[in-house]
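Chain lettering (A, B and C) follows the sequence in which the chains are written, and residue indices restart at 1 in each chain.
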Amino acid sequence: MDASFLQPIEAAVTLSVIWIGLGLIGLAFMRAPRLVSHAVFPAGALVSILLAATGLWAIGAPPSAAILPAGLPDLPFHVRIDALSGFFLLLLGGVSFGISLFAVGYFRDTEAATLGQLSLQYHVFLASMAFVLIADDAYLFMVTWESMALSSYFLVTTEHHEERNRKAGFIYLLVAHIGAISILLCFGVLHGGHGDYTFEALRAAELSGFWATVAFLLAFFGFGAKAGMLPLHVWLPEAHPAAPSPVSALMSGVMLKTAIYGMIRVIYDLIGGIRWEWGLTVLLFGAATSLFGVLFALMQHDLKRLLAYHSVENIGIILIGIGLSMVFVGSGHPVAGALGLIAGLYHTLNHAVFKGLLFLGAGAILKSTGLRNLNEMGGLIRYLPHTALYFLIGALAISALPPLNGFVSEWLTFQASLQAPLLESSVVRSLVPIVAAVLALSGALTGMCFVKVYGVAFLGQHRHELAEKPREASRWERAGMLWLAAACLALGLLPVFMIGQLNNVSQALINAGLSNEAMASDWLWLVPTSSAQASYSPIVFLLVIAVVFELTYLVVRQVYHGRLRRSDPWDCGYPEQTSRMEDTADGFGQPVRQIFAPVFLIHREIPRADDPQPVFKQSVQDRHWYWLYRPIARFTEFLSGHVGKLQQGRISIYLLYSFLTLIALLVFAQ
Amino acid sequence: MNLPFYTQLINLLAALLLLLAFAMLTQRRILSLINLFALQGFVLVLSTLVVAYSTHQSHLYYSALLTLILKVLFLPWIMHRLIHALNVRWDVETLIDIPATMLIGIVLVIFAFNLAAPISQFAGTITKSTLGIATASILLSFLMMITRRKAVSQVIGFLTMENGLFFAATSATYGMPMVVELGIALDVLVGSLIFGVFFFHIRETFESLDIHHLEKLKER
Amino acid sequence: MNIASGIVFQVLQSVLVVLIAPLMLGWVNQCRAWLQNKSGAGIWQPYKVLNKLFHKDAVLAHNASHLFRSTPYILFGCMWLAVGIVPVLATSLPFAPAADVIALVGLFALARVFVSLAAMDIGTSFGTLGARREMMIGFLAEPAMLMTLFTASLISHSTSLATIVETLGHRELVIYPSMAFAAVAFLMVLLAENARIPIDNPSTHLELTMIHEAMILEYSARHLALVEWASSLKLTAYITIGIAIFVPWGIAQAGDWTGMLIAIAVLVVKLTLAGAGLALLETVSAKMRIFRAPEFLGTAFMLATLGMLTHFLLER
């Protein structure tokens, strides 16, 4: 490969096409499942890592564009890659590398016919995401956006013999299309009736204030639906658990991020002229989404459903970062805006990495024990020590604990919110730190949730007698998890490198980056504005704890002794300790259920005192179904009932309709 | 940012006033409520004294003295006696739970600060920025009156509101003795009003001091 | 300031605080005993207990994992780092830029998560109960704590504790009314986070009311000693954070030896007063039932928010 002749865009397009090719090969060789799982998926992983490298290359390189020899005759596909696309390609490639490696092991026992289809859909899904990221006209964007939605729909309904999964797929498809319509309308507004649909033309279009706001709202809700923002989040906790685990990891880790990409692309790049009111809207929706997501996550006992609700929460955190950035940019403080944007983007990457890892961990548990219900797990650390370690890293990262990566991006978001005194409006100035406090609350609640998950699933006693001893994940699966766990550590310990790349993205997007002092700091210290204001060094952090750990260990052994005796647990002298006396996942969430009771819709069945077989039943539901979705569904039913009257069943009536339409069109066309 | 020392002092006292207003909002016990009220009166006295000393407004000394006697000593004493006689030392029942009340309180404070910001820019007094706090504490005491069930705590809420008004008067317009005079007159008015309310309620309390009994008074 | 003297100061401060942390606990207990008309065990009692515990054989449940065994060391490391970062005696220490106040809150959260996980490791009923309650207190206290620290950060335009101390303690005296709110809120958070009355009772062994004690029931001997030492360190760290933010006068600049001596003397006085105050507070108040804690910490959060709002109104 000669770098001077090869542009990033060519590399990206080639790699994406290779993915489609791999998918087709997988379908063609579905008689040889061993080949599909052990050759096609690793090859896909290789493409992933190359794509990640391309992305990294594109962040630093000037934008490069091309026109593809495909599409409609007079509507060719435009593609372009700039720093923002490059960053998201890096995310896509980096995360899907781990997931594809995991998939090799995970799908090794899958039935041959299913595997062939799975391979096709999986790789088409990956390729469409890549194309969404490099599309440079509304046409290609919508086409690939739809093919992304469809291929993931088929992946969600892989196990379509189960009624629940089909239903989940339907809800997913429905919300995805509502979002797509909104995005399409947004492009229409941007287009304004003249010029063509290339992003170049849309960017150049001058919108009046009102239409710019309309375009913003359409884009925000369209992409928000795909991202899982409140109140359009309902598909997420249904679809993620239904899909096979690597696919859930891909959907939650990467696909949601394409929605974030779209939001940033359309709002920052295409609409432009950001106003602080828009930022405030994003900020408040983000805060509500993050709090809501984590509260519902705490109520779940299905591990994958719980993780899906955490995706909702993390989308909220990303939106908080982006909203802060928009507020600052809109009120004329681009440097603070750059900080918010970088925080948001960094959390996007971090969430992709640790959520991918956690879904893979959930997949490993499901594969080896067949369990998804936390209330039946327990003590898995003794059987799956590697998975337990990786899962612990993911859990600490998502709980925003130093020195891992989740903390870095939340810390940057806090720093951005502390720039609030720059703002003129006193209400916004007071709201911004309060939003930061909501972020702190959801961070702390996440900590609680993952103590619950880890404590109930991996620690404690076994709650459920399994037919056979759970086996540790295979080597491929462990390699996938190891890759993502290592990424969590690297992004947490050496944030400065990635912040430098993100600074390029921010420069390209809003013509502003972090302050010179911030960029001048060396690799050890992360400095968002100036070193007098704040700094953070995860390496020193980890090093001090590790050194004290080691020293204490040695000193205690030297001065005293290291004698150890095993015995039964003490537990205040209660003689018998069965696993039924531990907290279940639901029990652990009880304080939250009590404190935030008005948020939830709780149904309880409490047995009477004289009940011979007392059973306690409880379910927690989402209020949104009742106040938002059910009325809409009823209205739709009502409407379609009336429209249904048009259907007469007689050919001549239908011909009449066609005739009338023709007449109307002719009249209209005059 | 270096304000003159007296302004700093008054700001501190203003903040304490708000702190106490908030503490009263979250307080469950009537006894502590009365003590907090007395303490708030004392802070008010201090702030009036500081304003009087720093601006040489001698009439403010009188109003400070009056406040001291009326709000720090006399009224709390009366109320202590009253609750002793009526035996209503139990917890205050609130209509809305306390965290929700506090959230509403925060919103009110933001609203009040925002409201007062443009006004205080035009004020030339050394205490101009305290107007927002005075407004906030008036609104908070109003909130307290709304959310409480027992008549005693409603009266305390009313008196606290008067504290806020008085503070607004001294801080915003200390140059105008008339307003101060008006404040004192209002104090007397409040005093008489309280007794009116109390006598009414003492008559009412053959059963209890819970104001939902008043709902019986409506027609139908 | 050259690097060498900075490191000397750093090590001196950390070691000193780590050594006096149990003394602090002893002093609080002694004051409490005095206030309750008891004679008390003496201020050196925590050291005797630690020594005794280190001598004993560790007993571990059969199913205890590595996580359980390493948690006491991780806990101790976290707290050691915390007291290394807080400017207890001097500002501009070499470790100080490694973490600002937000990272410090994160550090305490890390310790809390590990101790809760360890509590769930054995799978006993009390362990999980303690972990659940501890995490509940944690998620309530953390926003309040951050909001308190935000107020201080907004005043000094910095989240680094050293800069906060410089702004508040080493410049001319300015009264910050918002700090009154923040101080009350911080005190409430301190009580909750360190398992003191009214949220938890450090001396209780009544099973159903305990939080912190329930979590560490399964620890014994050297593990227990480290956990206990870490919790006394945590108390000291919180108190010194409070000192650094609210009464920062007397903290030295690194490299200044006479200033350091004064700083030690001032610190001893402040800690003595703080300990006595804590004991008094614990004597006059009663433990709340557990679901009053949201209200208590909610109040702390609201007060901290009010402090921030007051700052925006009065101090710019």
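Please note the rule applied: contacts are C-beta pairs under 8 Å (C-beta built on N, C-alpha and C of every residue); 3 or more make two chains touch, one makes a residue touch a chain.
Quantities reported herein were computed from a predicted structural model and do not represent experimental measurements.
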* To do: Indicate which of the five shapes (line, ring, star, complete, other) describes how the chains touch one another.
  => complete
* Structure fact -> Taking the mean of all protein C-alpha atoms as the centre, the chain whose own C-alpha mean lies closest is A
* Structure fact -> So, in whole Å, the Cα centroid of chain B is separated from that of chain C by 36
* Structure fact -> Rounded to the nearest Å, the gap between Cα centres of chain A and chain B is 50
* Spell out, as numbers or ranges, the residues of chain A touching 2 or more other chains. => 426, 430
* Asked: Which chain C residues touch at least two other chains?
  -> 294, 305, 309, 312, 316
* Which residue numbers or ranges of chain B touch two or more of the other chains? -> 110, 113, 117
* Structure fact -> Residue set of chain A touching chain C in the complex reads 378-379, 381-382, 392, 396, 399-402, 407, 411, 414-415, 418, 420-421, 426, 429-430, 433-434, 436-438, 440-441, 443-445, 447-448, 450-452, 454-456, 459-461, 525, 531-537, 540-541, 544-549, 552-553, 556, 559-561, 563-572, 574, 577, 579, 581-583, 587-588, 590-592, 594-595
* To do: Please give the residue numbers of chain A that touch chain B in the complex, ascending.
  => 426-427, 430-431
* **Residues of chain C touching chain A in the complex** => 54-55, 57-63, 65, 67, 70, 73-74, 76-78, 80-81, 84, 95, 97-100, 102-103, 105-107, 109-110, 112-113, 116-117, 119-129, 131-133, 135-136, 138-140, 142-143, 146-147, 150, 153-154, 157-160, 163, 207, 217-218, 220, 222, 226, 291, 294, 301, 305, 308-309, 312, 316
* chain C residues within the chain B interface of the complex -> 172, 174-175, 177-178, 180-181, 184, 294-295, 298-299, 302-303, 305-306, 309-310, 312-316
* Enumerate the contact residues on chain B facing chain A in the complex. => 110, 113-114, 117
